[in-house]
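Worksheet: one structure, shown below.
Read from first to last, the chains carry the letters A, B, C and D; within each, the first residue is number 1.
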Amino acid sequence: MNVGEVSAWAAENLKDQGVVVARDYKFMCSSLGQELIQKDIKEQGLTRVVVAACSPHLHEATFRNACSRAGVNPYLFEMTNIREQDSWVTTDKEEATKKAKALVAAAVGRVAYQKPLESLLVPIDPNVLVVGGGIAGIQASLEIANSGQHVYLVEREPSIGGHMAQFDKTFPTLDCSACILTPKMFDVGNHKNITMLTWSEVEKVEGYIGNFTVTIRKRARDIDEELCTGCGVCWEKCPKKVLDNVFEAGMGNRKAVYVPFPQAVPKYPVIDRENCTYYLKGTCKACEKFCPTGAIKFNQEDQILTVKVGNIILATGYDLFDSHRITQYGYGRLANVFTSLEFERMSNSAGPTGGKIVQRDGKTAPKVVGIVHCTGSRDKNYHEYCSAICCMQSLKFAHLVKEKTGAEVYEFYIDMRTPAKTYEEFYHRLLEEGTHFVRGKVAEISDAVRLPGEEGKLIIQVEDTLTGNQLRVPVDMAILSAGLESRHDAKIVARKFGISCSADSWFIERHPKLDPVATMTDGVFVAGACQGPKDIPNSVAQGAAAAARVLSIIGQGEIEIEAATAIVDEVTCVGCKQCIASCPYQAIQYLEDKGKAYVQEALCKGCGTCVGTCLPKSISLKHFTDEQIVAEMIGAMKVMKSFELMEVA
Amino acid sequence: MSDRLTSLHEAIEKVLPDLDGVLALKSGPGGIVSPYLFSKEHPEELAKLAIWPKEPVPDTLKIILRAHPDAKLAIVCRGCEERGIVEMFKHAQLGLDNLTLIGLQCEKDEAEFCRCAKPFTVHAKTIVGQPIEGVADPLTEQVSALSQPEKLAFWKQEFEHCIKCYGCRNICPQCFCNICALEDEKWVETGRLPMAKPSMYHLVRAMHMTAKCVACRECEETCPADIPMAVHFRLIARDVKEMFNYETGADMEQKPPQLLVLEEGEYDRTGLPH
Amino acid sequence: MIKYENVLTTCPYCGTGCALHLQVLDNTLVGVLPAKNHIISNGGLCIKGWNAHAFVNHPDRLNKPLIRKNGKLKEATWDEALKLVADKLGAIKTESGPDSVAFLSSAKCTNEENYLMQKFARAVIGTNNVDHCARL
Amino acid sequence: MMHEPKIIGFLCNWCSYRGADSAGMARLKYPPNIKIIRVPCSGRISPELVLRTFREGADAVMVLGCHIGDCHYSTGNHRTAKRMPVLKKLLEYTGIESERLYINWVSAAEGEKFATVIKDFTEKISALPPFVETMK
């Protein structure tokens, strides 16, 4: 494109639009370029500035600041994109020049209607809400609490700990998961700056960065936390055994009054009303009778708490892919097909088998074990994404099986992904340990015998893609390395906190590379697997990162919020309430006394959906008013039409 | 006096003593009918009660209620007028607590005049006349069956006759804004006749009628150029029903769909790309 | 007592003679409704008829004659105003002859008013220069 | 009859505008007919804005936003998805080629999709007569 021509054209043809000076300078964003603008503002008394250059996403802030330094309100600056959206995408140089003229005319048309705006400053409440007490939430809470700020940690389950508390060993170091986790859990439970709210859920979030009001439902435990010492007599005496589908992944039992696992924090049990004999039949109360401190309180009521916080960290974790969905893998139908979580519990010495790896009958040790990677991941029928942890987890399983049973182990993988420090070394260790690696996606697991030697076995049907051979591998036990998926209620949670979900319902970060723990909603951060599949080290890193982001905001004391908000013209507003219903942020109120709508500036994010809705156009969006957009459009149209006329002539 | 008029007379007489007024139609000089607020002070005026031609009574109701928000009134309304009142309620333009609806059911010739699909009330507790089934709208079918160029030719010709009297806007029970986009130079070329080519007057108005038009056809009736603009509104209403399951005047709680988030399955019905 | 009624009248703007209702709420004019079963306008109005109520109570409406004195308009009595018009018309007629004056009447006026206008032009001033807005 | 169509694109700031930037960064080529106007959210685009753009002589209008579920403002684009199909229908009922109004979702990462969409759309609109001509 001929930028010089565009500049000269603008000086000549846009004079009547108010253009006083037009310059062509190659490095406008450099400090010299900025000084050039500032000099022109001062010498020529400019009140508006347009820069035609790269994308405003790159340098709008640069030029806004430059204008501001020269005394021109930053909102009186307009940037038009003649690089990414013109010269780089247009083949014909002359056409690109013409397009640039139209874009410059549009920006000049628009800038005349722009109005100075001032950003609003709001104070930051230093308290922080952390949602989810898994390892990411624990890390975030501790970082913040250690800095001296107060944290409300809300956890849905009776204890914090999350998935990590269920695991046996952690890859690749084979540390005992509980051994490294429980000290941190203990710290959280005893921290003077942490209010731990387990068996609780966030009901409602109102407000905006610095000033959230959060309503939390603390479900009735039926336990008086003041009196309970966590001695365990109640669950010893409780006569009702319940299959534990949550912590033990259906591999073991708990009682109707229970703590999910021995190291649970807090130590108080909960009474599971759905299974408690007293709640079902009206009699029993064994726990109450034997409790030495009289801490059992039947028919307790849920408590509704309201807390004020300035920032929120969501660390709500993941759900395990439901392996039942892949019917050809036979989970639930074939006894000796296990999920990864079942295996974790089985391998855990505190688990239902006391750490013995045995078949479903509870006693037979397997001689051959097959581990199926990518169950529900990297599969267009289920989840297209890679669950990130399965390869390493499967390698860990292979090692544990080998170590504990001496069985032959087959790993069926699509690709081996070990991209982190010492992960690849772990893979090599497994290769050396004699694990068989078969590259291929398992087609089917069945008990249908076709060949001799398959009797009583599970047969894993797979194409070895390295040799091109179809294999039938008879095994005693198959472990499905199930993928991670977003929480079943992730969308509801996202809506509650005003953030977005991807198509797979993972929470969306503000920027995938440069802002991985912030969200598009100011003051709401994400950490751990709720943002996408990740392993423990990454979850911990994100927990700490989110805490750092929050602390940096708290440190600022107050924060600037978007100036381009919506505003209602009270004279013309007819009070029809349509904008109120259309606002994604509940930022618009109805003033009963006046019968008019009113925008709460601090809540408004400036999307303008209300403006698109308002029929009399009584509501407008600052910096994106109808006048501004129409002027921009007319600016571009006029130039396009004039070129058309020239061509006809 | 027809049966319906007699019954209506009785129905009004029954409620009149307890109210600040009953809004109905009154026959004036030369038999010309207009809305009138009958009062308990002058029950004899009911002798001049009329039912046809129908008038935009919801609009009149709004005028009265804006000045007297706490008035206890009854209104004689046909199906379309009831829908108009419900939509005004949903747009916070009037309250229903102090309002009694007397539902006047249309007869076949009236329904045919209006090409009305729903010539009956659904919310009114007091009913006058027998509800009848809706009738076909041959004009809407006829226009929608035209080919694309035929449609354009049809509407260009119709719009060419427009004298921009704004009567369609003025008489519409759903046009209650304090200012109007149609009077804004940004959206419509104001103060110029004949209409610009292209002019967006009728299209802007049609968009504003989305999920709002109650199919009373008052606009068509008052149009000095006889532009059948309700055809547009009705075709769109059909789409809004199909895409978002929304019908004006039906459910008091249901909000207009274009304000709300997509419900399960709605996106697939919009015809937008995946 | 709330009083709402419609007063049937004829549109004052042109010679077509559209009927319209003036909407009167508590003795105040609040709007216009077209008259549906009227033989002339058949429920329609033009933009002027639709706004026929707007000038009645408009604060800018002139209620009294104004006479410009020293470049400023000042309120005057009808006698003063009429005398001024009569004097000026007389002077113009004397100075430049009767055909130097033209009379423009309006379709908005009644037949009687229009009759008076042409009679005044012909009999008093002595000119046939009479026209009206409907020819514009 | 082929001509150079005038196209205005309203693009949301967070996804589609960045998608257009991505196309540029990848140096993907597409016709210069489209002039992009940046808005915060596709939900900001009122039907009036689209209609005004047509009145101004545009041959086509594009409204591009974030994919449903990915809206920067959570659900702003839901309103786009409900408003714009109705406007398309209205164009169709009026006999205006409804393809002149184009709605699609382009994410910040979909530079390639953006370039393809613009290429195909410009070609399609070139085959239609100029909008203003059809309205005469």
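Quick note on the criterion: a residue touches a chain if its C-beta (ideal position, glycine included) is under 8 Å from a C-beta of that chain, and two chains touch if they have at least 3 such contacts.
These figures come from a predicted structure and were not determined experimentally.
The minimal number of chain-to-chain contact steps leading from chain A to chain C is 2. Put simply, the chain nearest the middle, going by average C-alpha positions, is D.
Summed over C-beta pairs in contact, the chain pair with the top total is A-D. One finds 34 Å separating the Cα centroids of chain B and chain D. A straight line joining the Cα centres of chain A and chain B is 48 Å long. With centres defined as mean CA coordinates, chain C is found 35 Å away from chain B. Multi-chain contact residues of chain D, defined as those touching 2 or more other chains: 48, 52, 75, 79, 83.
Among the residues of chain C, none is found touching two or more other chains.
Multi-chain contact residues, meaning those touching two or more other chains, occur in chain A at positions 582, 584, 613, 617, 626, 630.
Here the chains touching each other pair up as A-B, A-D, B-C, B-D. Residues 55-57, 81, 83-86, 88-92, 95-96, 98-99, 102-103, 106, 494-495, 498-503, 508, 520, 564, 582, 584-585, 605-609, 611-614, 617, 621, 624, 626, 629-630, 632-634, 636-637, 640-641, 644, 647 of chain A touch chain D in their complex. Residues of chain B touching chain C in their complex: 20-21, 23, 28-37, 39, 41, 53, 55-56, 60, 63-64, 67-68, 71, 163-167, 170-171, 221-224.
For chain D in complex with chain B, the residues that touch the partner chain are 47-48, 51-52, 54-55, 68, 75, 78-79, 81-97, 103-105, 131-132, 134-136.
For chain C in complex with chain B, the residues that touch the partner chain are 1-6, 8, 19, 21, 23, 25-26, 30-31, 33-38, 41, 43-47, 49-50. Contact residues of chain B toward chain D in the complex are 143-144, 146, 148-156, 181, 186-187, 189, 196-200, 203-204, 206-207, 210, 231-232, 235-236, 239-240, 243-244, 257-262, 266-267, 270-273.
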